[in-house]
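Notes follow the structure.
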Amino acid sequence: MKPGTTSAACTALLRRDLALTWRRRGDALNPLLFAVIVVALFPFALGPDAQVLERIAAGTIFVAVLLAALLSLDSLFRSDLDDGSLEQLVLSPHPLSLLLACKIAIHWLTTALPLIVIAPLLAMLLHLPDRVLPVLLVALALATPLLSLIGAICVALTVALRRSGMLLTLLVLPLIVPVLIFGAGACNAAQAGLPYGAPLLWLGAWLVLALVLAPLATAAALKISLT
Amino acid sequence: MKPGTTSAACTALLRRDLALTWRRRGDALNPLLFAVIVVALFPFALGPDAQVLERIAAGTIFVAVLLAALLSLDSLFRSDLDDGSLEQLVLSPHPLSLLLACKIAIHWLTTALPLIVIAPLLAMLLHLPDRVLPVLLVALALATPLLSLIGAICVALTVALRRSGMLLTLLVLPLIVPVLIFGAGACNAAQAGLPYGAPLLWLGAWLVLALVLAPLATAAALKISLT
Amino acid sequence: MAEFFHMGGYGAYVWAAYAVFAIALIADALTPLWQRRGTLRDIAARLRRDASRDGTIKSRPSGTEDQTQ
Amino acid sequence: MNADLHEKPPLLQARALAYARNEEPIFGPLDFSLAAGEVVLIEGDNGSGKTTLLKVLSGLLEPTSGEVLLNGVHLTLAKLSHQVALLGHLPGMKLELTTLQNLRFAVGLGGIRPGITPAIALASVGLAGYEDQPLRLLSAGQKKRVALARLLLVPAALWLLDEPYANLDREGIELVNRLLLTHAQRDGAALITSHGAYAYTSGTPRRIALRAQAAQQPASEVHA
Amino acid sequence: MNADLHEKPPLLQARALAYARNEEPIFGPLDFSLAAGEVVLIEGDNGSGKTTLLKVLSGLLEPTSGEVLLNGVHLTLAKLSHQVALLGHLPGMKLELTTLQNLRFAVGLGGIRPGITPAIALASVGLAGYEDQPLRLLSAGQKKRVALARLLLVPAALWLLDEPYANLDREGIELVNRLLLTHAQRDGAALITSHGAYAYTSGTPRRIALRAQAAQQPASEVHA
Amino acid sequence: MNPLLLWFHKLGSPPYFYRLAGRFLPWLYAIALISGVVGLYGGLVIAPADYQQGDSFRMIYVHVPCAWMSLFVYAFMAANSFVALVWRIKLSETLAMASAPIGAAFTFITLVSGSLWGKPMWGTWWTWDARLTSELVLLFLYLGVIGLYHAIEDTRQAARAAAFLALVGVVNLPIVHYSVVWWNTLHQGQTVSLMGQSKISSSMLWPLLTMAFATHVYFFASLLARARAALLALESGKDWVRGIAQARQANAHG
């Protein structure tokens, strides 16, 4: 009997999830479009005044990207639960936290990364000054993985519930308010010509911490909600 | 054999859906909390400058309410599809559009109405001037049923999909841009001291039209996506 | 020639627009070719698969004997 | 209308009925008719199209060719009315509501046979005492029984049952057989799919055989 | 460790095992053991707790009292390792991926028995030629066969099968029996639930009977 | 049956359409390419620089034809959707769904080229002007149709659902357009008006018309190519398609 190594299991999981994303590539674009649409709604709601839009640009983009990544979080374990794959994952002989870390990484790659890539377009739609753009991108690059990691814990807690979409949002949002404050805060500071390094450093520190702890917490939460 | 009258069928449907909402009352509160949280995020994202917030208050509330109602739309037929109730509905001897109209009415009552009730609180959070509040409430009262009706058509089109959440958003948003423009536009006009009657009248006219046509279109769309 | 590409200072914008035009339409023209090739490949694969299923039907009698034992 | 007034048309009639999904034939042209009082078993291997046939007959899927007549009248979604009751793989009921609430809704939507109530129907399927139990607290077989109770209530002449025996214990299987017999006696008709023909014990039912389109390879050898 | 070195402990041992959901007993204290090479049938009416028992044995649910020993070692989620393969009501596979991709993933996650490949396993369950078919295009019975192929691949000594015969045609039922026989012969063991004891034809298996806790009212009378 | 009807009937048969389209395709591509090159030469080389905008006006030769096409294609798609839903003609479903990505491509080009034009002319990549906004909404509508079509598994059901959406969208389009116009005047943002319909000189005009012709021909070429590919997939169970697949395989191996 060949039990199979943990790295083989991770590879298999990564390969399967990428194949699934490819099969569902239409779905994979959805968070992107959602963010674009949320951003596009604001000019409709506020009127086309460029000055107003410029003032709220960074904040709105941050909120839109967070909401999009957040709503897509729901699908992180959903389909695995529905078809029983999650049970198989839990029953597998390999460390659950490692397997979950793979899943979270795939989630970030397929939903948050495209959002960062498209952020300059969103910035353009809201007339964000060019010099703020790099700060926005760095802030997003630090904030979105944090969101995926923190979100995964909450998803694991709510996964056993049937329609958890909004409950999930409720759990995650309070946790990411600090991320939002620091991320959007850095951008606003840059826009106002103030120093913006400190909040970004904070975000980086949290990210390192979350990278280590979140998969473990997710595995624990998942076990709780499955039994 | 007593085939049962159409009004009995509608009553049974209304009673069942209300009972279900009551059983899932935790879920029913979610759109409300979502809207509150989206609105609450903006002061964090933009900083606490009261003037900026006041300028964007009406628009942001409108966007938040629309997003919340929109995300809850997904569940309009979802659970009925999952457990086969929708098939039974389609196979029933009564006019499908009427049954669907009942479902849409329940959806509006249980998700949009609480949002309107809580709108004054949201307005307060963003320092909306008091005199604009009545306009906001009227605009929401006209816009949210429109959204439910238009949204139902799109939900019916996407109901056969497994994970339609975000695709649905993509389909609905272009259709409700005019609603947003006129609804938020009326509030902004009121805030700027301009006349705001015309956009509200337009919304009312569309609402009457949608009340008649949307259930029929929804039934047609549902039949397309179920066969 | 350089002047032609310079476009009176607007070169970057003009040529970018034309590049987007060209790239988008070339991509659009290539997609049906890819689709066609993919479809034909799938069909060929399916034909092969069906052939392998037919092959197993031929071996069916021996299989059923096996089961009756 | 084609209905001949002198001779009663069969309850259900299929003429050259065929269904293809994305141009791939699922079941071939079928001709059969079903008179009132008949129970017919649809037989076929895994993947031969039994479920698909029932969906077509209920009007949920449109046949690619051929036609279905109900009481001599062409079947369209609109005319299906209360003639057909479908019991598919899905329960068609709400897990959050109690068994009684679910049955009451079914009655509101589909009407009710004279002389029966939801509570009586529940007792008939052996679930007396479970009236106020939410459906989600029932086991797989118990849920199936509630779905069977629905059939007793609604005034449908034609029952389409997809694997009604699955998940049921022996008592449940007998229950289904008894339901079918009673239904046939009062001039109803039923089409059922089942792999285990053994399950239908009250006499030998008539059969419709579906040939598997892509004949299955015999699982001749198990690899060790 | 308790394991006695001189006498091999049974593969699976349950001691006074009981499970209660919200203080309501689902199945009573059970004592049984399962040696390598044995196939045991769990019998019980609808709602008697068969599914629940299998979930407890696989480690998905925690028993309320009593204990489970695997090879003489206490069962915990962590130690379950690759000893148990559970086949539940859910397929545990992705409908969008092909049969082969699904099996490859199962192998990656659970390891593989020597001398077998996913393609051979597929052929063994009668699905040769379906390698590149996405799972969602298969019928209920065909999906079940793919799930059975997974059992052939992963190196688990104990199989827990919840109604493995449901949805399968006769050939499929024979297939399950042959799989069980082969598995027993190479010192595996299996616990299966099934209402149709008739389905298990290769000899009479040992049985564990679960009494329905809330004794079912006999479905004595069908209301017409 | 009169000959024209008969021909339509035959055209509705996929193998006939496939072969006929295959015969037309090279010609259409060639005409599109030649007229495109002529138009571009006229626009980029022959036409004089604009006295106001300088050479930047040369963007008109991609922007305007594509803008026209984005609207024309939507109309074409909606008309086919209507036919598909009412008369259930398979070819119309295919044509409607084949035109959606092409229309989206033209809309995308319009948005990008307009944006690139706006930067030097208006000093900003984007403003929430009426025309720009409704073009953006048009892109979303196209994406919605495409997304819905690809999200549903059964191809024909997908086509019918997406066609339904396209029709709903066509009702919506004028509403969006006028609401946006009104919204701008309602709330006096700095409304930027597009370059007026100034009488443009004929040396500037003919390349524009040539490009418009080229894009139309290109559209039909691309449409036929896409419809052919879609028909192959749709009819993959039919003998004529198997024949093509086998012939191609034989070619590849032989």
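When the chains are written out, they are named A, B, C, D, E and F in that same order, and each has its own residue count from 1.
Criterion: a contact is a pair of C-beta atoms (placed from the backbone, for glycine too) under 8 Å apart; a residue touches a chain by one contact, two chains touch by 3 or more.
Here the structure is a predicted model, which is why all the values come from computation and not from measurement.
S.K.: Moving only to chains each one touches, count the minimum steps from chain C until you reach chain E.
M.R.: 1
S.K.: Report which of A-F and C-F is connected by more C-beta pairs in contact.
M.R.: C-F
S.K.: Between chain A and chain D, tell me the centre distance in angstrom, where each centre is the average of that chain's C-alpha atoms.
M.R.: That gives a centre separation of 46 Å.
S.K.: Distance between chain A and chain E based on Cα centroids, please, to the nearest Å.
M.R.: 37
S.K.: Can you give the whole-Å distance between the Cα centres of chain B and chain F?
M.R.: 33
S.K.: Among the residues of chain C, which ones contact at least 2 other chains?
M.R.: 50, 53, 56, 67
S.K.: Indicate the residues of chain B shared as contacts by at least two other chains.
M.R.: Residues 24, 79, 167, 170, 173, 177, 181, 185, 188, 227.
S.K.: At least two partner chains per residue is the criterion; list those residues in chain D.
M.R.: Touching at least two other chains: 89, 214, 217-218, 221.
S.K.: Which chain D residues qualify as touching chain B in the complex?
M.R.: 58-62, 77, 80-82, 84, 86, 88-97, 101, 104-114, 155
S.K.: Where on chain A does chain B make contact in their complex?
M.R.: 24, 26-27, 30-31, 33-34, 37-38, 40-42, 44-47, 52, 55-56, 58-60, 62-63, 66-67, 71-72, 74-75, 78-79, 162-163, 165-167, 169-170, 173, 177, 180-181, 184-185, 188
S.K.: Once bound in the complex, which stretches of chain A touch chain F?
M.R.: 26-27, 29, 33, 37, 40, 43-44, 47-50, 53, 124-125, 127
S.K.: Could you pull out which chain F residues touch chain C in their complex?
M.R.: The touching residues are 29, 40, 44-45, 49, 54-56, 58-59, 62-63, 66, 101-102, 105, 108-109, 112-113, 116-117, 119-120, 218, 221-222, 225-226, 228-230, 232-233, 236, 241-242, 244-246, 248-249.
S.K.: Using the touch rule from the top, collect the residues of chain F that touch chain A in their complex.
M.R.: Within the complex, chain F contacts chain A at residues 115, 124-129, 133, 136, 140, 143, 147, 150-151, 183-184, 187, 189-190.
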